[in-house]
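Below you'll find a set of structures to go through.
Shared between the two complexes below is subunit A, which pairs with subunit B and subunit C, respectively.
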Partner chain A sequence: MSSRLPTVTGEWIDRSRSVDFTFDGNAYRGFAGDTPTSALWAAGVHVLGRSFKYHRPRGVLSLANHDVNTMMQAGARLNLRADVESLEQGMALTSVNTAGGASGDRLRILNALGGILPVGFYYKAFHRPKALFPFWERVFRRITGLGTLDFGAPHIRTPKRYDFCDVLVVGAGPAGLHAALAAGRAGAKVVLVDENARIGGSLGYQRGGSIEGVEMLRDLERDLADLPNISVRPGTLAAGYYADHWIPLVDAKRMTKLRARAVIVAGGAFEQPAVFRNNDAPGVMLASAAQRLLYRYAVKPMDKTLVLTANADGYRAALDLMAHGVAIAAVADLRADGEPSALSMRVKQVGIPVLKGHCVLEAEAVGDRLVAATVCPMGADGKPDTASPQKFACDGLVMSVGWAPAAALLYQSGTRMRYDTTTHQFVPDHLPEGMFACGRVNGVYALDSRCEDGERAGTEAARHLGFDTPARNFSIAPERSSPSHPWPIVEHPAGKNFVDFDEDLHLRDFHNAAQEGFDNIELMKRYTTVGMGPSQGKHSNMNAIRVLARIRGVSPAEVGTTTARPFFHPVPMSHLAGRGFNVHRETPLHSRHDGLGAVWMQAGIWLRPEYYALPGKRKSDIVRDEARAVRSSVGIIDVGTLGKMELYGPDAGAFLERVYTAKFAGMKPGTTRYAVMLDESGVVIDDGVVARLSEQHFYFTTTTTGSTTVYRELQRWNSQWNLEVGIVNATGAFAAMNLAGPKARAVLRKLTSVDLSNEAFPYLALREAEVAGVPARLMRVGFVGELGYEIHVPADRAAHVWDALMEAGQGDGIRPFGVEAQRLLRLEKGHIIIGQDTDGLTQPDEAGLEWAVKVDKPFFVGKRSVQIVRKNGPRQQLVGFELDAIGASTTPRECHLVVRNGAIAGRVTSIAWSDTLGKHVGLAFVAPDMTELNSPFFIRADGGTMVQARVVPTPFYDAEGLRQKVMD
Partner chain B sequence: MKILTCPVNGPRPVSEFAYGGEVRPMPDGATCTDREWADYVFNRSGVPGIKIEWWYHIASGTWFYAERDTVADRVIRTWLPA
Partner chain C sequence: MATARRSSPLAHALATLHPEWIEVAGMPLAAKLRDDHPARSATLGICDLSALPRIGLKGPGAAGWLSARGVPVPDQPNTWSALEGGGAVARLARTEFLVEDGFSGGTVAQLAPELKPGSPGVYPVPRQDCALALTGSLVNELLVQTCNVDFIGHRVAATLGGNRLLAPVVRRHLGPLPVGNVDGYRRGTGRRCRRIRSRVPGRATSEPPMIHRNRRGR
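The block that comes next holds the complex of A and B.
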């Protein structure tokens, strides 16, 4: 039988468009503008879901997404809030957490077992024996839980939007509307959001039998339309507050990150349930929910109802229900004195009996449907007087006993709240700069006062931002009576008087938790899980605080609140998912490497060729061959990932002397020098080559991974020392390649006119010349221990130069080599890699770099620390080693430990098989007394195998360095 | 997300900045004791209050000072090193 009413003024449904849908397999029809809940309730379906733990039947509680009685699934869409989701044609809805649908759920047996399932039951009963835990976990995952995950659901990524405004107003009820208009009239750019499908808030449904509110809303909407600087966004949720007024606005399609200059919170209040036995029976609902059914969806919530109240709102609800044909059995008012306003007269005039000082002891349901409610007097101590209960037959029971502020955004912004004893709620006490609150969230309830309070907040926000609007005196009258009752809670020996509907927590659970010692609100929350369900305490936290306050004999103020965290409502993952931004850098020669079959590896932020794949060849063979080409003929490697810095100015040399350990002031133009950089604690952090181009102009390299941080730190020093020098990070502006091998000179000679002879361009010299017609900086360095030239050219000409070199080297069998061969070649020369052969504690002396540290300079970064550390001597020493047993079955690897007498004495930092040398060579940190040449030590390899190694001098290869100085 | 005011580029989201630690005077390495130097290098004061900090605007490569109340996480002023 349909409970749909004839047309109601202001209804949200469009009766010209019907919508067909199914719920748990049964077909229903609603209207466009309906929610699944309103359409089902209109169709006479009152069991809309099952509770989380006891599988109790549940119907409408808040009709506002403040509870999850009506959580449903629609195909791949999980956890749909049927109270607020818009109904769509063809929707196939199913209830969650049931066996066989909401109405016939076979797991309802659990309700009868409730007595043996107290709070904490799981913790205590199932953690031993441990082996059985996975079994129990599977059982509980089946009988609890929310919806079924569809692993085939499409991946949806939603781009974010960004927006800015002067004043954001959260909540478009009477207070928020007035605030937005006041700020808008002052000239501010205003964004007004409301999570509901339409604006107006309580003006639309808390009518008290009058259409005054609806008319006011119509006027306000007209005023809004006159102000183009106000953007009105219904169906939009302000999901959280982040620093400096940064608010994620969530609508059905996406998230908009809005930066406001001021925020007005006018989010209203959540109506709170009364706690009595069976307060969750379908038919028991909040007064505001019944009014929403009436005025938004034109659904008659019940035929006959009892009204339980403790404020004026309950009386208004009684008048609203009566006006639409609902019989009112009685109004039970928790307050001994009843309602002080004229509303009480109006209720009496229409013949509704009022029971002052009465509470509901219990509701009674038969076959999943409310049939009666028992009322009895409530004592001054808040306990029910059960001597003479009165029973009322009814299929509905509406509750209006109190409100809790929707203050999540205020808490998140750092607002200090206080418990106000005239309204029995938490209200803002101290608001951070640029934050404003008005309306119910500010403890203001009378409609005129809410409008006035909104006007005040809007004016203050505009003035705060410097808009020219006159200051006004606002006088907000104090509430005549408290909108909230301090103790809307009734004990019952048989329990099932629910405090938290999401988590199926009844009053006794709180007493048990306190008895177990969890009598602090944060502890109680975690033990009972109150407020941890999908509605995050919106309907349960305030009552939980009241219960705990009474248990401990203190005020709610002393109990305090739990932390409010974003998001305010759950936000779909697809709204949050964005593109992955794992950036990497490519050198200008990237396409050349690709064409040569490069296998890529990550080097810091860069991609570098590890080696160049050849069909039918193994990596180890390729790397060996690449290295052999360099040693025997000529190879080329892209070293463009090195940091490349330009330094210019009269103090350039002095600057380098301060940031590097060596001396540079006396360098001649046209020379290069190895450079080591320390941090202030004397730890080696970077190395590179410094080249002097002219008296005032230096060019130097950093490690691939260090370029950004080194550049940053150099800028910092430069901002303090007031030297006349400028630094430019030219890493991306230059490409660099290293041409190395005995034939390097012969190959390069074909492309440049500069005299490459050993006399004219000696080892460690720098020349500026054209290579293949491109201006280049040539540095003769011993990068891999062979005759070699590092060629730096403008990035945009790099490919041309590379191609020319490859072509020039064709006759000599030039071969590109990757990072793997480079590391092997450099290891053979005993060159250390900063970050591989050093770590975050390595002092230069420990890494064999003392020759590069000139402590006779007046200052360099880290100098004082080096001096102090030198007094104590090194803690460890980097040494070269080779393995004694050639072809041992177990080869140590990087980071394997050096072990002496069962204790750690060091570790391997680098190790490789050198084909050139015919043995394994490596570098290792060892204790300072283990550095004697030829002394053996042990490395603990995989599986605990002890492998013997021997200290040998470095370089392992060409110790005299003759090859890099080779003549023609 | 916080807004930080770069003295060169104006107010920008904090994701464009890197924190550089508290501004602390370096003792004269030639005259200070080992202990004074070690204190400078290794010890940081975590005492909440108003501090002068190094901040770096990454996009433009600007180092600057920010006076910040670390209790309220409020930046009082920012300026370039002299």
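The block that comes next holds the complex of A and C.
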């Protein structure tokens, strides 16, 4: 039978558009504007889900997405919050965590086993025998899941957006609306967000049998429409707070990262459940949930109800329900003196009996539906007096016993909160600059007061930002009575009086936790898992604090709260992932490499050719061929990814002396020098080549991955040293290629007029000259161990120079080579790569770089640390090695461990097969006492195979360096 | 040996879009793409203007150096001043400047030979930018989806770090692409000119922002 009411003023549904859908395979029909929950409740379906642990039937609790009784799955969409998601035509909804659907869940047997499944039972029961743990893990994951992941679900590319405003108002209830209007009228650019599909908050549904609130909302909406500087965004959740008022706004389609100059939190409060036996039976719901059903979706929540309350809101709910044909069995008021306002009289006038100082002892369900509730007096000690219980037949029970502030954003912003004993809630005590709070989250509940408080917050925010709006004295009247009861909790010997509905935690679980010693709120949270479910404690944390306070005999203020981290409400993974903006950099020669068949690899942020593919050839053969071309003829590699810095000024030399370990003062223009950079702890962080172009002008390179960090560090240092230098990161401005091999000189000679003879342009010299008509900086370097020229040219003419070099080298068999070949070639020379052959702890001496560290300089970054470390001796030592067994079936790889007497004694940093040398060679860190030449050591390779290696001197190839210094 | 021509960082990508090239300051510039459509580019258009001449300089003497040569120096970082011919001087930081010519005007050509290492407190910054002009009614929507800086309503020159690429952005009027009788540029047809106008509208109300991306990021 349908529970849909005739048209209700302000309803959200569109009765002209029906929506067909299924739930657990059964067909239903709702209206556009419905949620799955409202449509199902209207259709008489009251079991909407099953609880997490005991598989108890669950129906509507908050109808506000503050609990997960109604979490569902729609095809590949998991975690669908049926309380608030829009009902869509053709939706095929299924309940989660059931065996056989919500109504016939076969796992409901677990409810009967509750007595042997106390909180934490899994910590104690299933870790022995250890071998069975995976079995139990699978069992529990299967029976406590929250949906079935579909790995074939399409990849949703969710857009992201940035936005900016003067004032962000979070929450569009009466307080938030007044705040937004006040700030907007002052001239501020305002963004007003509310997680609900429409604005208005409680104005729309906490009516108390009157339509005053609805009329106020209409007026406020008209006012908003008159102010184009206010952007109203319903269906948008302010999901967290980050520094400097950076707020992620989450709507159905995307996440917007909004930077506000001021934030007003008017997020209201979460209505809190009372704790009594069977308080989770379908039909037991929060008063605000019943009112939402009535006024948003025109659904009659029940036929006859008991109202359990401790504040004015419960009386309003009774009047609202009665106005729509719900019989009220009684109002049970936890307070001995009852409601002090005129609402009390109105309730009596319509004939509703009021039981002051009474609580609900238990609810009674038959099958899956509430049939009765037992009420009894509540003693002064907060305990039920069970001597004279009264039983009321009812199919509904609404609770309005208190509120907990939606203060997550305030906590995250650093707001200091205090427990206010007049309202029995935490309220802001000290707000950070630019943060404001109003309404229920600020401890203000009366409607007039909330409006006034909102206007105050909006005005203060505008004035804080310098908008010219007159100062006003705002008078917020104190609450006549507390909106929250300090102890809405009733013990029952049979339990099932739930504190946390997500995690099926009943009152006894908290006592057990405290008994086990978990009597601190953070420890109790972790042991019981209170507040750790998908609702994140919205309906449970406050009661958990009260329970713990009573157990320990302290006040809630002394118990405190748990940490509120962003996001305070779950955000879809698709929103977090967003559209991919993973940037990679390409050198100006990218298209040339593409044309040559480059196989790309990531090198830091860059894409570099790993090797150049050839049809029918394996990678390993290609790499060896590319290396062989360099050794025997000429090769060319794009090294434009190296960081490139210009350094100008009269103090440029002095600056380099400080940041690098080598000496530069005596360096002559036209020369280059290898340079090592350390951090303050003496760790090697970068290396490169420094070239002196003139007295006050240096040009130097950094590693591919280090350029940004090095540039930032150099700027940081000079902000302290204040030397007269200009540092320019020219990494992107120059392309660079290394022409290397015995025929490099002959090839280059065809394209430049500079004298390339060994006398005129010796090893490690620098020359500025034109190459193929393009101004270039030429550095004679030897990273790969052959005669070589690093050619740096403006990026926009790099392709021209590359083409010219390729053409000029055609007769000599020039071959482009990739990073893999370069790694092999430099390894043969024993040249290290920072970051591969060093790590985050490597001192220069450990990497064999002591020759480059000039400790006789007055100062360089890391010098003091190097001197201290030298006193203690090295922790490890990088050595060259070769494998004893040539052609061994198992070859060690980089990062394989050096093992001695069963203990780790080092690791391989580089290893490769060298065709030139006819053996595997590599570099490895070993213990300092393992460095003796020809001494053997063992490397544990794949599968635990121990492979013997032997320490050998480096370079492995051309030890005298004659090939790179080759004469003409 | 072939003459050394400049090439845009986007030349390879543009080549696949069947461009008609013109030459600007020694660099081919895609003046028209085969699938250009005025309505589409009025909604959201992008144009590679890497060819425009530009120089950079920094250092405590940079502002004075520019002033001494008659260049209007913006007072504040993250602002810009207009140059004749559609160019601009952007103050990227307290002591760093980007000077860029428009489709006409010779400020860069005048300054470049003088900007050499050696002037006290004035340090040349080589500029090899990938420069993009964005145009159309959805430019701001595009920017808020890709940049974390507020451009709406601001006459801004900002250095952005959004999404890990640093890019100065200058919101200014560029005018139509030159394909007529402009010295230094190859002549184009009248038809092409109209099409190009639609890609880079010259109305002040739809000023296209210039985005400079120091060659593959800086």
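Definition applied: the second predicted complex is superposed on the first by the 606 of 968 C-alpha atoms of A that agree within 3 Å, B and C clash if a C-alpha of one lies under 4 Å from a C-alpha of the other, contacts with A are read in each partner's own complex, and residues count from 1 in each chain.
Everything below uses one rule, namely that a residue touches a chain if its C-beta (ideal position, glycine included) is under 8 Å from a C-beta of that chain, and two chains touch if they have at least 3 such contacts.
On a predicted model such as this, the values are computed, not experimentally measured, just so you know.
Engineer: Is A:G101 contacted by the first partner subunit B, the second partner subunit C, both or neither?
Structural biologist: In the superposition, A:G101 contacts neither subunit B nor subunit C.
Engineer: Figure out whether A:G649 sits in contact with subunit B (first) or subunit C (second), or with both, or with neither.
Structural biologist: Second partner only.
Engineer: Contacts for A:F859 in the overlay, against subunit B (first) and subunit C (second): which applies, first, second, both or neither?
Structural biologist: It touches subunit B, and subunit C stays clear.
Engineer: Give one of first, second, both or neither to describe whether A:I868 is in contact with subunit B, with subunit C, with both, or with none.
Structural biologist: After superposition on chain A, A:I868 lies in contact with subunit B alone.
Engineer: Mind telling me which of the two, subunit B or subunit C, contacts the most residues of subunit A?
Structural biologist: Touched residues of subunit A are more numerous for C.
Engineer: Where does A:G147 make contact in the superposed view: on subunit B (first), on subunit C (second), on both, or on neither?
Structural biologist: neither
Engineer: Of the residues on subunit A, which ones does subunit B touch that subunit C also touches?
Structural biologist: Dual-contact residues (subunit A): 259, 729.
Engineer: Enumerate the contact residues on subunit B facing subunit A in the complex.
Structural biologist: Interface residues on subunit B, with respect to subunit A: 1-3, 14, 18, 20, 26, 29-30, 32, 34, 37-38, 40-42, 54, 56, 61, 63, 73, 80-82.
Engineer: Can you name the residues of subunit A that touch subunit C in the complex?
Structural biologist: Residues 159-164, 257, 259, 579, 581, 583, 585-588, 590-591, 594, 605, 646, 648-649, 693-694, 696-697, 724, 726, 728-734, 751, 772-774, 794-797, 799-801, 803-804.
Engineer: Report the residues of subunit A in contact with subunit B in the complex, numbered from low to high.
Structural biologist: 242-244, 246, 259, 680-681, 711-712, 715-716, 719-720, 722, 729, 858-859, 863-865, 868
Engineer: Provide the residue numbers of subunit C that touch subunit A in the complex, in ascending order.
Structural biologist: By the definition above, subunit C touches subunit A via 1-9, 11-12, 27, 50, 58-59, 117-118, 121, 123-128, 144-150, 152, 162-165, 214-218.
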